[in-house]
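In what comes next, chain A is part of two complexes: it sits with chain B in the first one and with chain C in the second one.
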Partner chain A sequence: MSAFLSYLLNGLAVGCAIALIASGLVTIHRVTGVVNFAQGTFAVVAGLCTSSLLGLGFPHGLSELAAVLAAAVAGLLTGLAAIGKRGTTPLASLIVTLGVGVLAYAVEIVLWGDQPRSAPGLAGSVTVAGAHIQTQHLLVIGVTAATFVLLALFFGRTYLGKALTACASNPYAARVVGIDVRRMGLLAFALGGLLGGIAGVLVTPLRPISFDTDVTLIVNGFAAAVFGALTRPVIALFGALLLGVAETMAAGYGYGSHQLEVALGLMIIVMIVQAGRRSAISEETV
Partner chain B sequence: MIEVQDLVVSYGTATALDHLTLTVGEGEMVALLGPNGAGKSTLANTLAGIIAPASGTVRIGGRLALIPEGRQLFPDLSVADNLALGGWRSGLRDPSSVYELLPRLAELAGRRAGVLSGGEQQMVAFGRAMMSRPEVLVVDELSLGLAPGVTADLAAHLAELNRSQGLAVLLIEQNARLAFELCSRAYVLESGRLVTEGACAELADDPRVAAAYLGGAVT
Partner chain C sequence: MTRFVRPAALLLVAAVTLVLPATLDDSALAVYILLGLAAIVTAGVSLLMGYAGQVSLGQGAFYAIGAYTAALLSLGGVPPLVGLLAAPVAAAVFALVIGTPLLRLRGHHLAFATLAMQLILLSLAGQLEFTGGDIGLQAIPQFSLGSFEASGAAAYAYMTWAGLAVVMLITHNVISSRPGRALRALATSETAAASSGIPVGRYKLVVFALSATFAGLAGGIYCFYTGYVAPGSFPVLISIQYIVMAVVGGLGTIWGAVVGATAITLLVQGLDRLASLPGMPTYAPSVLSYAVYALVLIVVVLFMPRGLVPALSRRPDRRPRR
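Presenting the complex of A and B:
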């Protein structure tokens, strides 16, 4: 029983990291209609930055903050490449984000090499009802919860957040009232970078990050985002938690090498179900 | 307020507006009539800066707001949020001046715009446009899909704003009766070209206009 609870709690932490990646995907897709396949890259950039900054002797907190900001800049640059030119279709932008992801490999290998890097996080563990959970996992859960609350407040309460929602709701009407939809799209990309960056700095102490870790991150994040039809952040969060728990259970009960397959399998099932319901995949990305 | 000179707008190889020249003076209410596909909405979008002209000039002499065809609200946002976003350009965030003008909107403030009736939605679109404190208002199909009573109510508000604040209006309409009632001058657009223009009183007597837009001679 305690093993089950342990897998459940650790799975929730893994799910939270996936949820942050997914929320970035959803934010960008809602505002721009673009599926951003460079989303995992933002987490990798932030993770590698944290590792370097901590290695250079910068303190915790500052290193993580700087790394998250670097990821936001990476998000903005990706946005400029993907939607900077007027009239680019969402499908063309999607291909550009794939290209940005590949380009990022080259840049990351030049800057950080091809070996995985880690960073120290919160040490120790706590015992909850007989189950051990790493303190870093609790941090992941706490930060993710706070991030989602802040995101909800930003989109629901602030004028800028509402303008972003307006662009998602009716881009033509947004232009009618004078909102620069392209600029809002760039803001969404920066926000997506920020969210990916938060995921990156949280995950790096748990599993070493290398230039190609983005594949695992984007597959999981995309699976969760598709669960929310690429437009509903709360359902994507739920999907991410489910995925995190499913993967951790699979690993815990002896199928550790098949974690990614679990994500891929779930994603395919969800996509087939969503496609049957005339989902985002056919309607909103085209 | 609006000066359009020799305007050409194309979509690929198709020409939507073909050397159009048109003016709306200060405090004037001018109608633009024409059938579907004449290029009326293209002109509205060009005036609002959403479509770029291929050639010709567009001069706007003050703040312009557009009430687009089909209302085009933000369906997921509340009425209050829709109005607040209407003030994006003007910096006006508080909709109370619009609530004074259209008290019904104050009652609907917390409702989602997407669930309102057509008439209520048109009222929100009207209020949202007024949030930008316009000096000239382009109204694309005020009466489309609305009950006559609702249209008359909104038209009365337009006329009142024109009288009291000198708001210039370009009223794009298929309903020529309404247009002639409200406006002093009118243009008639067909296939992207102006076919006739003049004082509404004269146009109403023009047998061609009467046949096409008034369902026969005006009695």
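Presenting the complex of A and C:
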């Protein structure tokens, strides 16, 4: 029972990190219609930044904050490349973000080398009902919960958040009432970078990050995001938690070598089921 | 005028292709062979993206299937020719099987699903017993036909470029046929194509399988040439590389695949030489090649969306811009 509980909490922590990546994808896709392939890159940039800043002797807190801001800047730059030019179709933008992801490899290798790096997180563990839980896992869960609450408040209560939602639901109408859709798209990319950065900062102490970790991160994040059809963050959150718990359980109970296949297979099945419910017309007009 | 220019240009290209292997040294031949193999796979990607309007980020998976099929068969004592012919067939069968559910997806969903497929296959190949795990398969016999054994690189160069010629001929015939026009129609609007009586699902599946066949053929030649296959030979980046080549050359043009593969391969090779000059850091080759792939892809997608071949040929393309 205690093993089960610790797998469950570990799984929830992994799922939370996936959820942050997925929420970034959803935010960008809702506002701009672009699936951002470089979403995993933001997490990698933030993770590598943290490890460097901590290594240089900067205190905790400041290092993490700076790393998340660096990821947000990376998000903004990606946005400029992907939607900065007028008339770029969403599929062309996807390919551009793919290019940004590969370009980031070059930059990351120059700055940090090609070996995985880690960063110290919260040390120690607590015992809950006989199960040992790393404090870092609890931190991941707590920060993710806070982030989602803040996101909900931002989209529901602030003028800027409502403007973003307006762009998501009807770009034309949003433009009519004086919202700059392109600027909102860039804002969404920066927000996506911020969310990816938070995920990266939280994950780096748990598992070492190297420049090509982004593929695993983006694939897991995308798998979670498709649960919510790339538009509903709350369902994406549940998808991510399910994915995290399923992967950790599979690893914990001896199917560890197949956890990637489980996640990817699940994602493909969900997408195919969803595609069966959509008609070609609705997709072509969007 | 063009009636004479075209065959003349074609003859010139063919002559240069045939003469080159005899004059190049071994390291240049290696580049020449890999270029030809990349062009074969890219021809399939270009067909799939340009005509069926579908993006596959998992073309490397079909390449790997072709390579593993030929390797396993010839290690099992089957004549190499059978192995080489089985490679494209295995890739096509696999594409037909997984394409049936996968091609219900479109756009970014399909892109991610094909990427996932490649990741799953690589992970399986790295774990299974009969594929040799992460170490892969080694000591694959040389390609031979009767008493002739292809021992030198020049023989593989001829094999590769003969394969490319076949692939280009098939592509030419497909796109100038009635199904080719149907494919162009469904790339612009599936709904409109379906309402004019085009069996959309079946055509998409066939093109998907055809592009896999090309990749499988290239994989088969590759395994005989290197004598070694492992999961590490087929990273995700290789699939992205084919997209870059197809986009650079011009989607849906027959020569685009060759031009794109040539441009990117030569560019990367040139930079590699630059990066291995004394005084350059050890990471320079990989950094430069990542940077080149990325920048070329971004610039071409944004500023030259139809690729090099249509942009350079003066005759305006009558096909509407997609």
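In this section, the second predicted complex is superposed on the first by the 279 of 286 C-alpha atoms of A that agree within 3 Å, B and C clash if a C-alpha of one lies under 4 Å from a C-alpha of the other, contacts with A are read in each partner's own complex, and residues count from 1 in each chain.
By definition in this document, a contact is a pair of C-beta atoms (placed from the backbone, for glycine too) under 8 Å apart; a residue touches a chain by one contact, two chains touch by 3 or more.
Here the structure is a predicted model, which means the values were calculated and not measured.
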{"item": "Contacts of A:260 with chain B and chain C, given as first, second, both or neither", "value": "second"}
{"item": "Partner chain in contact with A:88 - chain B first, chain C second, else both or neither", "value": "second"}
{"item": "Partner chain in contact with A:159 - chain B first, chain C second, else both or neither", "value": "first"}
{"item": "Partner chain in contact with A:98 - chain B first, chain C second, else both or neither", "value": "second"}
{"item": "Which superposed partner A:183 touches (first chain B, second chain C, both, neither)", "value": "neither"}
{"item": "More chain A residues in contact [chain B versus chain C]", "value": "C"}
{"item": "First (chain B), second (chain C), both or neither touched by A:172", "value": "first"}
{"item": "Contacts of A:110 with chain B and chain C, given as first, second, both or neither", "value": "second"}
{"item": "Residues of chain B defined as touching chain A within the complex", "value": "48, 50, 66, 68, 72-77, 81, 84-86, 88-89, 93, 128, 132"}
{"item": "Complex contact set, residues of chain A against chain B", "value": "159, 162-163, 165-166, 168-170, 172-179"}
{"item": "Parts of chain A lying in touch with chain C, wherever the complex brings them together", "value": "35, 81, 85, 88, 90-92, 94-96, 98-103, 105-106, 109-110, 113-114, 215, 219, 222, 226, 257, 260-261, 264-265, 267-268, 271-272, 275-276, 280-281, 283-284"}
{"item": "Sites on chain C touched by chain A in the complex", "value": "55, 57, 101-102, 104-109, 111-113, 115-117, 119-120, 123-124, 127, 189-191, 194, 236-237, 240, 243, 247, 283, 286-288, 290-291, 293-295, 297-298, 301-302, 305"}
